[in-house]
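Below, each structure is written out as structure tokens.
Shared between the two complexes below is subunit A, which has subunit B as its partner in the first and subunit C in the second.
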Partner chain A sequence: MTMCNITLNGKKTKFLPGKTILENTRDHGVKIPVLCSHEALKPYGACRLCIVEIEEQGRKQIVTSCNSHVRDGMKIKTHSPRVQKIRKTLVELLLARTPEAAVEQQLARDIGVKATPYPEQGELCIMCGQCVRTCREIVGACALDFVHKGSKRSVAVPFFRDSKECIGCGSCVFVCPTGVVSMHDEISDVRGEPERIMDKWETRLPLQKCSSDGNVFATRRMLEHFARKHEVSEGFLETCSHCLRKGNTK
Partner chain B sequence: MDEGTKTIIDKLIKKHKPGENAVVSIFQDVQEQQGYLSEDAIRYVSEKLEIPVSRAFSVATFYSAFSLTPLGRNRVHVCLGTACHIKGADNIAGRISRQLKIKPGETTGDRKFSLHKVRCLGCCALAPVVKVNDDTYAGVSQDQVVSVLEKYR
Partner chain C sequence: MKIKKMQDLNKLKKSGEQQLFPSGIKITVGLATCGIARGADKVHDAFKKELQKQKVKATVVPVGCSGWCSREPIVNIIIPRMPKITLGDVSEDDIPGIVRNLKNRHIPESKILYRTDAEENIADGRVRKYASASQAATSGKIPAYGTLPLFKKQKKIALRNCGLINPADIQEYVARGGFKAAYSAVTGMKPEKIITEVQRSGLRGRGGAGFPVGKKWEMARQAEGKKKYIICNADEGDPGAYMDRSILEGDPFSVLEGMIIAAFSIGASEGYIYVRGEYPLAVKQVTKAILQAKRSGLLGRNMFGTDFSFNVNVEKGAGAFVCGEETALIASIEGYSGEPVPRPPYPVEKGLWGLPTCINNVETLANIPVVLSRGGTWFSRIGTGKSKGTKIFSLVGAVERVGLVEVPMGISLKEIVYDIGGGIAGGRKLKAVQTGGPSGGCIPKRLADISVDYESLTKAGSIMGSGGMIVMDDRTCMVDVAKYFMSFLKDESCGKCLPCREGTQAVFEILDRITRGRGRTKDIEQLKDVCEAMSQASMCALGKTAANPVLSTLRYFGKEYDEHIKKRRCSAGVCSALIRFSINADKCIGCEACRKACPCEAVSGKPRKMHKISVKKCIKCRACYEVCPVKAVEIR
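And then the complex of A and B:
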């Protein structure tokens, strides 16, 4: 592949044309702050923190590096005064929305923002959409999406309760950078059976007990979801991976 | 969902080009015919268009033109855009609110009226403007608005 000739922060270098500006700068050891970007997910461009200043044929432009591709002859500045000024405002706004979020506080420290001049809202969700996109792109359950708009915008399951699409896999919990998405397992008061509760999605899912060692190991809907998408071995739906590996199927 | 509603939605879906983009147009039609988007209707449309329910629900909550609860038979829109605001639209909204005993965004118990605040109806020269269903009332006063509402009882 022919490489692109790039000027990165004043130094001449070569970038891979198939990769985004963000990926290329990372390969060159230049750190650009990001919030909504995740290597397993498609570029999204929501947090705007990854902005860089590019110059082509004398024209300067601010673009989000996560979803912009490289062209030959591009001059890229990742920390120009203009970029840093905008980035500072962005961090101040994000910090105002979620002052308690550790990821936000760390970001503010990195950038040198001590406090936000905007009124604090005390939210925990930063709207990065990683849970929504993971559920859609990786898991394929499509249980989550944004609802409402403007200041009322939030992430929810349809009709805010009992999602029939959520499989309780916990990928949204795993990927959430602020910990606002959570789940826990408990014994149901009603049926006396073990259940997983997706706290934020108001959804309860029955858990499967391993037929061999009796331990609870996954939600039933999660196992069914995998069985629909992939060919699974016999006993997959009833036996935990630990016992399957040992060959203890019943 | 009853079969009647299904048939109505099926007809509306046929009218539009298939695919995700049709969802807004179909919801507009459902909203107009049924007065709101029921949970069943949203689920049925998403199933027919083969889009996730979460996506359809996202669209349904995004636009203020869609309501998830049944609206009144007569929709009263009070414009609160800049020109109407200057001409005292807040007082008019307050008067309607007192008259119908509902807050903006609510529906009367008998389902006759629902009250909505809107930002601009695009006819600022007629300020203050109140729209009931498809009828526009220009330059209304607080007293006039009461007699306007009586026409729709």
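And then the complex of A and C:
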């Protein structure tokens, strides 16, 4: 593959043409702050922190590096005064929204923002949308989406509780950078059966006991979902991976 | 009857002409939303009833908006061999009298606005006369259409048929030269030739951004895809703007014809009209128009006997402002929530269902048939160097004549406000003109000579936008105006990207603080910071332009911000936290009007003695101020 000739922060270098600016700069060890980007997910371009200044044929432009591809002859400035000023304002705005979020506090420290001049709102979710996108793009359950608009926007399951689509796989919990999405397993008061509770989605899902060692290991709906998705017999997934690996199947 | 040949179209044209210029008496009532809001539907029904009752033979036909919205309901009376007479402010009570006089071919003068002796059909340039010069001379002192200041400086291309034809009748549209351009395009022109013609015309997108239409079509034509789409963007969301609604309500066929030509040029086989759900009448008219066009073979398979097939669907929006943005609009049609996605890829490459999609505004498409029938060169002679043709504005606010006007580009703002609009209502003074809706800016009075075209407005910190034009008088507080638009934008921001979601909210809060008298000096710096971040880093045009109302008011009315922050004063008397009501002892006549009007007993005083307002009890509702006959109530 022919490489693109790029001027990155004043230094001449070569970039891979099929990759985005963000991926390329990462390979070159230049750190651009991001919040909504995740290597397993498609570029989303919502946090706008990854903005860089590009110059092509004398035309200067500010673009988000996560979804902009490189072209030959591009001049890229990742930390120009203009970019840094806007980035600072954005971090201050987000810090006002989520003053308690650790990931946001760290970002503010990295960028040199001590406090936000805007009134604090005390929200927890930073609206990166990673949970929504993981559920749609990776899991394929499409249980989550955004509701409301503007600053009232939030993530929810339909009707805010008892989701029929959520399979309780916990991917949303895993990707959430703030810890606002959480889950826990407990024994149901009503049925005495083990259940998984998706706290934020107010959804309870029965857990499956391993047919071999009797330990709970996943929600039943999750096993059904992946059995359908990967076309394996349902019984195959009734044994936990631990026992399967050891060959302890009945 | 399916239209296959020119003769078929001519046949339809003939029967349409008989309806437009009938042998008997014809009454048309402006039944667009602006008319209905002022009771035109009742006038329409009353005419029908009264004609039957008095046994007068005449046809009553609904038409669209003729532009003079503040004088609705507007009624046209066409009597053979007489000039067409237009009446304004017609109420139900007037109708028995009008009908009685109709028997003697007489129209009572009191409600007459103007007469029309002849009409030019812009589609072919031909003039059709209602009455001969000698017949017109008998109309005496009734002003003629072309001499009225409201119409004198207007040039109606996109609005050519609005208010003249029955929007629900395809024959009347054809009679005005309709579908001739589409016929000659589809049967006899190469797509490339059409695109060149549109490029030659210099027509630019009327939705706001002003992208050259010919260039967009060319890109869509060259884009590769197994199917292509054309979308008509009728998601008109700017407060106080109703250009697109009026076209769809008054002349839906012109938009359809524009879409047919566009589809043929780019190679699209399916089209969508994305119209706001809040425009029920526009939805109804455009749906009817599609049905009629299908029946006449002007939509559907093998149009005009060629192998070109094209169909149009109507898609209703649910009222989100952001859905006027191309990518959000596409997401909405696809069934997702209306949120923009990053561009590139642009819709002309990857649009609806991932296929090449060309999106044009209603007004743009309504211009297309005329561009083709009169030629690109003819069109390009109207307007300025880079802004060609005409532009429709909904002239609203503190102006004497509120209405829908279509003016050639390059006209000065002053001419629109003073000549066409008749100046400021109530003899007050002009303060600023807001153009371009919430994404636009305010142009101060001292720049009123500015030429109205894309470049000049952008240079002045505003935008052409889709055509909202709000005139503001000296009683307007510019900080309050900025706050209003920001409150609209923060509610309409989809919330996807950070700068727009948090930025509009933060700016609104700062402005709100300033109008409440709690502003700080550093607020101005903060406003500028957030505005820069929004305009540079937002994902779509909503956020990118959201700063305009604030930046333009800061630029031209910075003193007012200072006054609010430093002196805690609002000299326009709008921001209630910063004003006080009092009664001027020298002027008060003790009439008690204010005391009676006050809803919270804040005004005290005996008859014929001076009245007083208790500052503690006053809720600043302005009731006393509005009601005082001698203007003794003062705002400080």
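What we mean here is this: the second predicted complex is superposed on the first by the 245 of 250 C-alpha atoms of A that agree within 3 Å, B and C clash if a C-alpha of one lies under 4 Å from a C-alpha of the other, contacts with A are read in each partner's own complex, and residues count from 1 in each chain.
Please note the rule applied: a residue touches a chain if its C-beta (ideal position, glycine included) is under 8 Å from a C-beta of that chain, and two chains touch if they have at least 3 such contacts.
Being a predicted model, the structure only gives us computed values, none of them experimental.
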item	value
Partner chain in contact with A:Phe146 - subunit B first, subunit C second, else both or neither	both
If touched residues of subunit A are counted for subunit B and for subunit C, the larger one	C
First, second, both or neither for A:Leu94, with subunit B first and subunit C second	second
First (subunit B), second (subunit C), both or neither touched by A:Phe159	first
A:Ala108 touches, of subunit B and subunit C: first, second, both or neither?	neither
Shared subunit A surface residues [contacts with subunit B and with subunit C]	145-146, 148-149
Residues of subunit B that touch subunit A when the two form their complex	39, 42-43, 52-58, 61-62
Residues on subunit A engaged by subunit C in the complex (per definition of touch)	43, 45-49, 51, 62, 64, 67, 82, 85-86, 89-90, 93-94, 96-97, 117-119, 127, 129, 145-146, 148-153
Residues of subunit C that touch subunit A when the two form their complex	320, 322, 337, 339, 341-342, 490-499, 501-506, 509, 522, 526, 529-530, 532-533, 536-539
Of all residues in subunit A, those that touch subunit B in their complex	136, 142-149, 156-159, 164-165
